[in-house]
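Given below, in the form of structure tokens, are the structures.
Two complexes come next, and they have one chain in common, chain A, joined by chain B in the first and chain C in the second.
Let's turn to the complex of A and B:
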């Protein structure tokens, strides 16, 4: 009965001061949205980062550190220490434990974007995120030697469309004076945005990569030695070397055994890395930033809760008449104190519910836009245990914070005379 | 059907024979650190643990005193009898195991050893575990960090049908999430 009375009094009191409390609730809602938003973003960015490449069991390249190999093959950052021989790739093709291989040849660029020479296995087997395949937003994968497929980011930034002719540059760098101008490529396909480094690269065939380097043996184009698209037809462009290989295994349990065997490959020094393991280790290096981000959001909520105390204490002075009337009608100090607790808890719960709704609305509205324009992948998903814990901690903290004005009100109402509102 | 010892020997032989097939750099050896690789398939997991012997025995030479012999025996027995990883419900059973010492650069199989005492030494443990409910476990535990206080960091890498990942456990940490 007392609980029922306290709840009805609290709801009536909240409704009576709805305008002021709406502002308090808005402040708290914004803080909780920020806290949840950053935690959600943190989880999604981590998920997106560690899923930059998925379903690829091994990345094989020349002997180097695992982070270096990961950075230049997956993130297109840095350069290979050495190439690996085509005969090694052919040896790998004979390994019955390996299901598929994607050869990767790097070294050239297009207006600052990395050019990746590969084969059709890339379209067929490369996966990102939670095993999502690469899809074309338009056109088709390269078929001819001088066909090129653009990542979504490249097409958007350089405003390219299907059928455009582009000239690749020799070597890396945004500005290059060594261009393969005799062998222009035609854009035959544009990839859908993935939110991964795939968006920031240009894809050609291994044969195309070989063809544009005929006559460039000394590092610059020797006049008369380079090819034209017409001369390139009916020639064999089997590469002598490639930069790296992505491999998928039939049985995942063999991953470490194949890795060990490849690391001891007799033909040439190789490094085989597990991309998922390397990505986890790379993310661990950044964990301090992750913790700092969470710390900042924690401060935001603490500040907001302190603001809530300040507002409640300010409102308390305005509620002297209300408390006096309640005391006069027989309300106990305990009941009056419980009003503060219930009100504060109600405010926090409403703020949490609105925050959840706001967050879901924002992600469903802006998620696709963020992916297309900024390459940030945000998907609507159920909250994780950590996110629920954070959300539940807000009303609990509010209840804790409400103890201060509740205790103050309890003490005040105990000493309050029936006939002297606000007096002691 | 092969006995546990036979299976253990065949795994040890396979491991020992691999480096002979191709040239490779010597493995790294850092006291206080150890590496564990886990390969999953359904409810089975293959474990490979490589650690400097000092982390587990407290010395890296051939045992000289009766106490050192006893320590070596106890540690070898413990590594052979306890699953190196387990589900939170402790459902893992050892199907096959092998413990390989390279004390003071020598191979030690049942007391017979030879080698250079000036070198570092590693302990390599392989286990094949059957763990009911492993494919649904989101986290796993290991008794290694609690059993061997000298082990300051345990680097764990795993691969399986649900993907790959890595974790580093420090002293006092015994569980890690698989990120499923």
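Let's turn to the complex of A and C:
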């Protein structure tokens, strides 16, 4: 009966003060939205980061550290320490334990975006996210030597369409002075956005990669020795070296054995890495930053809770008469204190519910836009345990800080005189 | 609950005093003068007018009677119960069960309707609720009607009502559930003389119907004519 009374008094009192409290509640809502949003993004970014590449069991390149190999093959950051021989690739093809191989040849760029030389295996076997394949938004995969497929980000940034002719540059860098201007490529396909580094690269065949470098053996084009598209037909462009190989195994259980065998490969020094392991190692390096971000957001919530208490304490002076009436009518100091606890808890709960709705609305509205414009994949999903805990901690914290005005009201109402606030 | 035993005790004594005060004193601190209060005995159902200029400890006396302040010395027996022998929560309960209060002003909880303000004691006390003999809302409506509050105002926020109406709603709250004692602290000081007399007559008539004792404090001696007894505060203050 008393709880029912406290609840109905508290809700009537909240409604009575709704104009002042709405502002406090808004502050709290925004900070909870921020907190929840950042935690949600953290989970999503981690998910999308660690699933930048999936289903690939091993990445094989010249001997180097695993982060370096991961960075230049998957994220297109940094350069290969060395290439590996084509004969090594052919050896790998003979290995019965290996199901499929994707050769990767790097080194050139197109207006700052990496050029990836590969073969049909890339379209067929490359997976990202939760095993999603690459899809073309338009056109088809490269067929001819001078065909190029653009990542979604490249096509969007440079505003390219199917059939455009593009000139690749030798080496990396946004502005290169040595361009493969004799051998323009035709855009035959554009990939759908994936939210991974795949969006930020262009894809040509290994043969194309080989063809544009005929006459470039010394590092610069020697006039007269480079190819023209006409001369390129009917020549054999089997590469002599490639940069790295993505490999998928028949039986995952053999991954470590194959890795060990490759690390001890007799033909040349190789490194084979497990992309999942390397990705989580990389994530650990970056997680410091996002931890700090979450910490800052936590402080934002604490700040708005303090604001809430400040307002409640200010309102307390206005409530002196009301407390005097309730006390004189026989309400216990505990009932008075519980009003504050209930009101604070209710405000926090309202803030949490609104921020949940706000967050869901924002994600469902801006998710597709973020993916097409920034390549950030953000989907609506049920909250994780961590996110629920964070959300529930808000009303709990509110309850905790509400003890301050509740205790002060309790003390004040214990020394409450008849009809007049605060004793006299 | 000790209502049962209390009731029995009253029956045995035949004339249970609503209020019985003996050699009561109180001081707000060691530096402050000690307030001495006159002994008084008010039989159940009779009304007392307590006159005292300001500064004679009227509000302090009411706080002591209501059990919201503890006396330095002396005893207060309400309905045969020494309320300062009770624990704090029992005192709160005793107040909810047996007392109605009317203040000088700001009598009502601002965010409740007139009717919800009147039924408040029934929500704090099972005894008062049971004593209405009907739904508290119905009892509240009958009281409001008897105190000439228009029906259109019953569900309104009390802040929209006039001072006179607010005081009458406070009287309805004090009367609901027929408590044995009503403490009224200058409830008419904000009213004009017509309203004042009408208010006192209504309050006393309805209190008599319920066998409720009214202890009425005021500095306005002209009101004393309405009461069975009157007493001067402050004459024994040392």
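By our rule, the second predicted complex is superposed on the first by the 420 of 424 C-alpha atoms of A that agree within 3 Å, B and C clash if a C-alpha of one lies under 4 Å from a C-alpha of the other, contacts with A are read in each partner's own complex, and residues count from 1 in each chain.
Here, a residue touches a chain if its C-beta (ideal position, glycine included) is under 8 Å from a C-beta of that chain, and two chains touch if they have at least 3 such contacts.
Just so we're clear, the structure is a prediction, and the values are computed from it rather than from any experiment.
Trainee: Taking chain A as the common reference for superposition, should the pair chain B and chain C be classed as clashing or as fitting?
Mentor: fit
Trainee: In the overlay, answer first, second, both or neither for which of chain B and chain C A:165 touches.
Mentor: neither
Trainee: Please indicate which partner A:253 is in contact with in the superposed arrangement: first for chain B, second for chain C, both, or neither.
Mentor: The first partner, chain B, only.
Trainee: So in the superposed three-chain picture, is A:325 touching just chain B, just chain C, both, or none of them (first/second/both/neither)?
Mentor: After superposing on A, A:325 lies in contact with chain C but is clear of chain B.
Trainee: Does chain C touch more residues of chain A than chain B does, or is it the other way round?
Mentor: The larger set of chain A residues in touch belongs to C.
Trainee: For A:280, is the partner it touches chain B (first), chain C (second), both, or none of the two (neither)?
Mentor: After superposing on A, A:280 lies in contact with chain B but is clear of chain C.
Trainee: What does the superposition give for the shortest Cα distance from chain B to chain C, in Å?
Mentor: 50
Trainee: Which residues form the common part of the chain A surface touched by chain B and by chain C?
Mentor: none
Trainee: Name, in rising order, each residue of chain A that touches chain B in their complex.
Mentor: 50, 54, 57, 251-257, 260-261, 263-266, 274-278, 280-281, 284
Trainee: Give every residue of chain A touching chain C within the complex, in rising order.
Mentor: Interface residues on the chain A side: 1-2, 5, 9, 12-13, 15-17, 321-322, 324-334, 414, 416-420, 423-424.
Trainee: Residue numbers of chain C touching chain A in their complex, please.
Mentor: Residue list for chain C touching chain A: 28, 59-60, 62-63, 65-66, 68-69, 88-89, 92-97, 99, 101, 103-104, 106-112, 116, 120-121, 123-126, 173, 183, 185.
Trainee: Show me the residue ranges of chain B that touch chain A in the complex, using the header's touch definition.
Mentor: Against chain A, the touching part of chain B is residues 18-19, 21-24, 37, 39-41, 44, 46, 48, 157-161, 163-168, 179.
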